[in-house]
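In the two complexes that follow, chain A is the common piece, with chain B as its partner first and chain C second.
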Partner chain A sequence: MMWLSRLLTPLAPLLACIGLLCVWQAASLALDTGSFPTALEALRAIPDILGDRGSLINILASLRRMAIGLALAVLIAIPLGLLMGRSRNVAAFFNPLLMVIYPVPKAALMPVIMLWLGVGDVSKTLVIFLGVSLPIIYHSFQGARAVEEKMLWSGAAMGMSASRRMLRIVLPAALPEILTGCRTGLVLALITMITSEMIARQSGAGNILFNAMDMAQYDTVFAMILIVGAMGIILDAAFERLRAMLVRWSDAGRAIPLSYS
Partner chain B sequence: MIAVENVSHRFETSGRQSHLALDDITLEITDGAFVSILGPSGCGKSTLLYIIGGFVKPTGGVARVQGRAITGPGPDRGPVFQEFALFPWKTVLGNVMYGPRQQRIPRAEAEVQVRRLIDMVGLKGYENFYPKELSGGMKQRVAIARTLAYNPSVLLMDEPFGALDAHTRTRLQNDLLNIWERDRKTVLFVTHAVDEAVFLSDKVIVMTRSPGRIKTIIDIDLPRPRKRAELLLDARYQNYVVAIERLIDDTGIDEAAR
Partner chain C sequence: MARRHFPDMLLGLAPILMLIALWQVIVWSGTAPVALLPSPFSVFARFSAQLLRPEFHHEIAATLMRLFAGFAIAVVLGVSIGLAAAVKPVVDAVVKPLVRILAPVPKVALYPALLLTLGFDHASKISLVAADALFPILLATYYGASMVEQKLIWSAMAAGTPRAQIIWKIVLPASLPSILTGCRIGLVISSIVVFLAEMITSTDGLGHMLVQAARTFQTVDMFVPLITISLLGLILNAALHLLRRYLLKGFAEI
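So, the complex of A and B:
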């Protein structure tokens, strides 16, 4: 049985996808309603979407907002989380604010933000930024807090200043934890990206999806869901490779499947 | 010279009680001496070392190094911890390079020195290994090399061999003595192992437990360089070990009777 399991392990994700598509196909054929296309119909609609210039521009606009929101979050959330992790006062100041923001679905802020900043890129990018920041802050905070004190003492004995210790010891020591937060953030960014476009329909992947929904083009709806899912898998896999490379020195240096993170 | 003048240290325990860890410690350590601080666990011996390192501020008294009051850590006093505290994201070479680079010694120049140090602690060939790939003994060798690399005049060793197996500990003790014979830095060595303290030191400071006080200071008058095999058979060595073990037992009984 060993040879069988060795053969199956790398194929498992592929088999799971094929299995899902088969169940979908069968369910759709059995139900036979207009609003539930078969898997094959949805798959056939994908090249049409990706071949259409307008759709591509929409998807790229989504990805651009996501990238900007994510980048801003990384730039602000990591330093903030690290400072909170090393300074009791900074943590005492920001913790209550974050506790209030944490349970609020960020998309629920969308109407208010739209009122102030309009339906354009700024609002949507801001919502993505808010959604992504919290897990990154939280993981950076945990990572910074867990840094071994003797490691910082060793640095201090070498003559490193407090700010240098932050940059050269706390940041690298917390990196595995920070990157775990960024990975969660990446998936959240994708989710918030689509939700924000659902509320402020103007452009983007979410816009294609919900316009198709209004026009009862259900094969396009399901094709878009597949495209978004594929984007998630590709982005996550790419980030996971980057992460494993950056922390190959640590025990977290192995690739971790999403379900284990 | 290191001078500790009436140093006390009191801290709040998690139960909000005030605990006196060190009570009125006064001692002097001459340059180039190998001095061990010996005592039962919880006697504040590590705290005393951290105060001299500048990592912990005493709540009373003052510690001085070369006459100046200690206000914080500095490259004149290099710590070596039981936990190694290596930078796991740096290779062996990178860890040992850290101190010299911090002192802005040019990379090429530092690297020649650092490679020599790595060779001296017996880790030639392991320069590109990460700490997670090393055994405990090897990690502590890296930590010692990393501290020696910025050339402190005092080594502050906090139970450095406490986490190692007996065989590795013996080898590291021998190697530490060999290194010390070369440049005779001042070494302050915290341990709870009596034989280790006698084997290594010129002077052994025996502490009592809670509150930590100095019970006695014993000069170890044994010839150097010391050879382990000869010392173990030497009656003077054996007498020191037995006498100090009795002292420690006494402190233990004092504690139980209280």
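So, the complex of A and C:
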């Protein structure tokens, strides 16, 4: 039994994938409607999409916007969150504003932003930036607030300036929590990327997905869903590797952060 | 305490008021044409005018109905699957890899598939909301229930609680704080997702209002649904906070 479970544990996610595809295959065979292709048909459509130059450029353009939006959000949200965590006044200043912004779907700002900045890269990147910033701010805030006071006092006693204390004590101590926020942000960036392209149909992965839907190319629709899903899983797994490397010293965090979606 | 909270509130209102003031100044200065950026006064006037119209109530009701239906399904499924996985190793072995795979998948991308299988009516929107809100609630329940102190369970068993009842009498109440945290995240996500689903395909609801206004370039009307969803989110959040205070009366910290 022991060797069996040792063999199965690393394979479990793969088995789960295969299981889901089997359920899908069975469901579509059972329903047998023209608009619900089988898993195999969808898988077969994937090489066509990835082989096509136009779609590949579209998908890469999406990923570029996502990367830029995410990078900007990381650069601005982490310092803001850390400041909020260490200063009562800064926290009291920004908290209500963030609470008002939180329940607004960032992609819903797309039609308004499109009026000002056009349908191009700028507005989509801005929407991704807005969507990703909040969880990163929130997690950095939580992380910085939990830093032990004593360490800061010791730092001050050793003659560290306030900005050095921030960089050498607060940032590393809050890093596990910050990286959890970044991981949530990564998945959110992917979601906002798809929705923004769905609303401004001009280029990108979301555009291919919903255009195929409108043109009733259902194989392509389901193949794109698989591609986008795989992007989410791969990006998340890669980031988890990176996170584990960076904060090897801290307690193993939760396998999956709560605030996905 | 009350003395300390009052200036905090003023400080918190400042950036919101500053944002609105900045908005007004831009409108006054004339750098942005009114067609692109209406003044905040006209937006709030339209919002309060809309609040009196029954059609607007109908849109809000449609959105809220989908939101609550999806959220309720997510709570029931999330809490029961989470508890089962935390208590039974067999369930855990099946659920964990599935969650690992499905949690990072952007659920909006599934929306076309839901449309094709469930149709353009309520069902597809409600299932999208449920799929999106499910994972935070499930994970929070799972983590909460796995953290329950073994000593509590042993004491209950020593006091004669039947095995079958331990999950209801001990594990569920002990993991309640964590479950409610998950519900709070799930609720915000639900309000975001229901809006997006309505923006993509719908004939009513707040999201549909926004798209309709955008298509006809009624800028003032575009801001109204955005303000509404933000207020709805705040109200729902506050309601859940009160519920949490009521449910967790006996707990040391909230």
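Here is the rule we use: the second predicted complex is superposed on the first by the 251 of 261 C-alpha atoms of A that agree within 3 Å, B and C clash if a C-alpha of one lies under 4 Å from a C-alpha of the other, contacts with A are read in each partner's own complex, and residues count from 1 in each chain.
In this text, a residue touches a chain if its C-beta (ideal position, glycine included) is under 8 Å from a C-beta of that chain, and two chains touch if they have at least 3 such contacts.
Predicted model, so just to flag it, every value in this text is computed and none were measured.
Under the clash rule set out above, the superposition-derived model of chain A with chain B and chain C shows the two partners fitting side by side. When the shared chain is aligned, chain B comes close enough to touch A:A173, but chain C does not. Rounded to the nearest 10, the superposed model shows the Cα centres of chain B and chain C diverging by 90 degrees about the centre of chain A.
In the superposition on chain A, A:F93 makes contact with chain C only, not with chain B.
When both complexes are overlaid on chain A, the residue A:P103 reaches chain C alone and has no touch with chain B. Considering which of chain B and chain C touches more of chain A, the answer is C. Judged by the touch definition given at the top, the superposed model places A:G159 against chain B, while chain C stays out of reach.
Of the two partner chains placed by the overlay, only chain C lies in contact with A:A12; chain B stays clear of it. When the two structures are aligned on the shared chain, A:M215 is found in touch with neither chain B nor chain C.
Of the two partner chains placed by the overlay, only chain C lies in contact with A:F36; chain B stays clear of it. Between chain B and chain C, the shortest distance over C-alpha atoms in the superposed arrangement works out to 7 Å.
Chain A meets chain B in the complex at residues 148, 150-151, 153-160, 169, 172-173, 175, 247, 249-251. Interface of chain C with chain A (complex): residues 7-9, 11-16, 19, 32, 36-37, 93, 96-110, 112-113, 115-117, 132-133, 135-136, 139-140, 143, 181-182, 185, 188-189, 191-193, 195-196, 199-200, 207, 210-211, 214, 217, 219, 222-223, 225-226, 229-230, 232-234, 236-237. Residue ranges of chain B in contact with chain A, taken from their complex: 53-55, 72-75, 77-79, 81, 83, 85-90, 98-99, 102-103, 130-132, 146-147, 150, 152.
Listing the residues of chain A that touch chain C in their complex gives 12-13, 15-17, 19-20, 31, 35-36, 88-89, 92-97, 99-105, 107-109, 111-112, 115-116, 187, 190-191, 194-195, 198-199, 206, 209-210, 213, 218, 221-222, 224-225, 228-229, 232-233, 235-236, 254-256, 258-261.
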